[in-house]
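Here is the structure we will look at, set down as structure tokens.
Lettered A, B, C, D, E and F in written order, each chain numbered from 1.
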């Protein structure tokens, strides 16, 4: 416990987390500080490319393994299953209608890549290694949750609402394509490729992450300012409990398939994190009746900061204690 | 004198200044070269974050001191006082009306962060150290000048025009929040934090500054092209004299409170420089009757290039000669 | 031949080319992946500035030479002459009308700076040196082709359509000004200037090039998706043959003026490459009747990928074999 | 100068719907339209701004389409079903255009 | 398809005024509006463009607001004082909207 | 509140023409106009979007100009020649403005 606290403390005073806090402070105090949309997108593209590439290179080094296949399958199943748990929990805890509950549930099955990246950077700080293919696991966990959520809404109604365009939008979503693409590039070009571009994708990585989290703080704070009108206490509670349930499940599965302690911490983080890029966009198209303020506030306003500050240190500590 | 000239020469042939000159040339010759707004903002955010962070780290190393407190107070007073000097000078030298004179005066009390950053980079080049907390001094000097200018316009009229929104906009202005926030992050995380992100905030710093100054040159040149219509000779003269007055004052105060030679050079630069980001935006809101072309041309079209090319080398030379 | 193939293979599996392929794949499969306009422009500005600066520094080191003057003159003549060859070829091979043929021809006389940059990076990889002033040659080759194309359209008609604005737009085109400006800054500040900013313009260069080529792949793929409607087989064929003709000419001229093998490879690349930034913009103004889809698809959709994947390795192999 | 009556339709709709919307316009044989960016706004679902957003979810676009009067109804009927479930705002203004043959 | 008459108001105003303007609209009970970016322009105070600008000072925004006719006067009266000292341009156009209940 | 009739002209034209277009407006003594960015569109020459584009060639801008009715013809006659060879779309709407003295 003391370990967890000291680890949490250490994580909390890193430039990365403090940058997020600065963003949160700035927007809650209504400062006009803002980062242009194009720049936020650029940083997100950079982070996806770098993390994907590095994952690919490390898989190239370690070689394929059954563990990789097991992890991918586990990721797929976890992402598809978590929305059902979230949905039941929401129906028990809150008074959201079916559509809104399913929309929120979709976010919790899917993942937040920035949370994942922050966890990697915390592991790095503590020299804990992890499986390079976890990036690929992250990629496969993006989409299945969306399908589960749509199933939850439309089952029984006969409607399917899944046209080819929607399938393509979900599966060829920009961040999946970039992450998987960079992963393959890293895998194909290996360390030789890495030496060509490492001073671009490794050296400035943490700094870019700081500015990106500053921006996330600004956006999350803006959401929180509006939240008072729509978020009940039970929904806030859900945003803190659901990640813990996800992490527990991820931990069990990680142990079962024999991941390293770093790998388990990352799988816990993936399960605990909630999407705020790919899934919201898909929901606007497939479930326009769901209120975006609700699912964005849960995922970005509460769960994201929770994972960043308390979650990740806990997951890392638990994973190292157990594995 | 020879020293000053050789220093000025050295400064003038650096990539930083030549990039500014290139921008100036491009826009005066009406080339279509331009840098997107979002990118200019991104560079400005980067520079503020990096400079704030580094300042905080260096304060963390050196520890608090009375000198810090003295400098902050001195900065506040200088920023509040300079607009009165500028205002009187404008009323004597030019035929600007009260409102426009106050608006211009506000700019000269406040500071230009890029001029400050350039001065730091010139000091670095010559291995002259300076107090890390000067960044905090820069931050406190942004806002008071605005209040002085509004006082100049509204005194006697009974109107105040200072609603809560305006206060917040001035004090929680984006660049102040970012600069001060990064300063605190640097102060809290110290050298340990710095090692995590130094290849982002230190290594590429000068290069980003080059491109940012290229952009400043483009924007300043555009202003100059329009200036012929509105700028009389006396206003141009003011734009060259006022920085020297500010610098002289800054020098005296710097000596009085016992700053190092690097610190004095920076305080001179702060006093000499004129705002072109925060103050213009505040003037558009609080003094919409003032003509933006006038104050922007003075500050960005004349004073900024003057400081960059002649001012800074002179201030550095004077400071090293005196301290 | 085996050498060429192995070199081609080596080039093809570099992160740079694979990033382009990823972009192409993403847009052909209609993924929503996209890079904001402002970010694409920022990367292009960065690349132009870096490549120009480095060229200038290397000229500063090697000193002026008759070879420089010869190369500049050769570049001017090649750029002006190539459109005539392209025009005749287009009239023989395709059924484009005079205006469209001239517009396409203009693109092939001018150059693609990214193709050039990629060639430099391939040379670097293989430690083949080249003349630093080739950047200046690239700059002088941008514009003459436009004049040749306008001559082709308007000769005999008496009209000239060349007003002062158009001249300025062509000669003070943003990318020319930036490239030449950075070249001069590099030349003036030399290695001393370079050490100030090398961790900005050298270290991350290849990485930025990757992301920029990702973007080029996205844009090229979008063009190809639309191409089916307008591109006949003969036009596609032209897009593959014309670069080879250009390269052959460039090779002969390079040998004649005694360039190094690296220099010849670069001159071949310049001649082989087709503009997709400066010339299209000029055509929209000067020849609005020409169909942009035609010239953009030829240059960006076919010739650019051709040079990137097959062309450059061949040009490098031929140049090293001959010189 | 001779002008011709036409209709200017302005539709503000969620950014993630862009591709579907374009397809719907194509299916209604409307090949002339322009898409403009939107920075922020306010509606029944609250305030928003694009600043710092990465996801398309939090944004809108404005589609401007100028058509001949007699095609208006066709457009509305073909495009409305798409807008219906979504939070789009549709406004139609009378206008005059040059070069009627374009529309 | 059934349409309903309404007014489209377009206000071009300085970017630093955005927050105040939003508040003024809220105070006039106007919660539906859209803000669009502006790239540049020209007026009595000269030419300008956003390119390369860092400060908000050098920019404008366009606010588009569609309302029922009977609320027009109310809006103008509540919002005009804010615009008066500033350099905003206000134009009002007749339009037709779908789904009148929204406005 | 008192309003005055005016005309709102919206011209969508290729981005590389911006400078020439501004000059043409100046020559027609039109010093009040606003330029708005365009993200993409579709026309006889196909679909396009600005995303990821570096060259100005692949883009359009929208120029909005509000003028008194009696100056409309003058503007159209002076500006049309420029648009003619290009792919611009011109639409004119009746509108009401506050502060007529501005226009």
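Annotations
Keep this in mind: a contact is a pair of C-beta atoms (placed from the backbone, for glycine too) under 8 Å apart; a residue touches a chain by one contact, two chains touch by 3 or more.
The model shown is predicted, which means the values in this text are computed figures rather than measured ones.
Across B-C and E-F, it is B-C that has more C-beta pairs touching. Annotation: the subunit A:subunit B pair of sequence copies touches via predominantly different residues, less than half of the used numbers being shared. Distance from the subunit C centre to the subunit E centre is 45 Å, each centre being the mean of its Cα atoms.
Averaged Cα coordinates give subunit C a centre that lies 34 Å from the centre of subunit F. Per-chain CA centroids place subunit D at a distance of 18 Å from subunit E. If you average the CA atoms of subunit B and of subunit F, the two centres end up 38 Å from each other. For subunit D, residues touching at least two other chains, in rising order: 19, 36-37, 47, 49, 56, 93-94. Of all residues in subunit C, those that touch two or more other chains are 32, 34-39, 41-42, 169, 199, 203-204.
Residues of subunit C touching subunit A in their complex: 13-16, 18-19, 22, 25-26, 29-39, 42, 125, 199, 203-208, 210-211, 214.
Put simply, subunit E touches subunit D in their complex at residues 1, 3, 6, 8, 22, 25-26, 31-37, 61, 64, 66, 93-99, 102. Chain contact summary for the complex, subunit B toward subunit E: residues 34-37, 40-41, 44, 165, 169, 215, 218-219, 222, 226, 229, 276-278, 280-285, 288-289, 291-293, 296. Within the complex formed with subunit C, the residues of subunit F that make contact are 14, 16-17, 19-20, 23, 45-47, 49-58, 85-87.
In the complex of the two chains, the subunit D residues touching subunit E come out as 10, 12, 36-44, 47, 49, 60, 62, 73, 76-77, 80, 83, 89-94.
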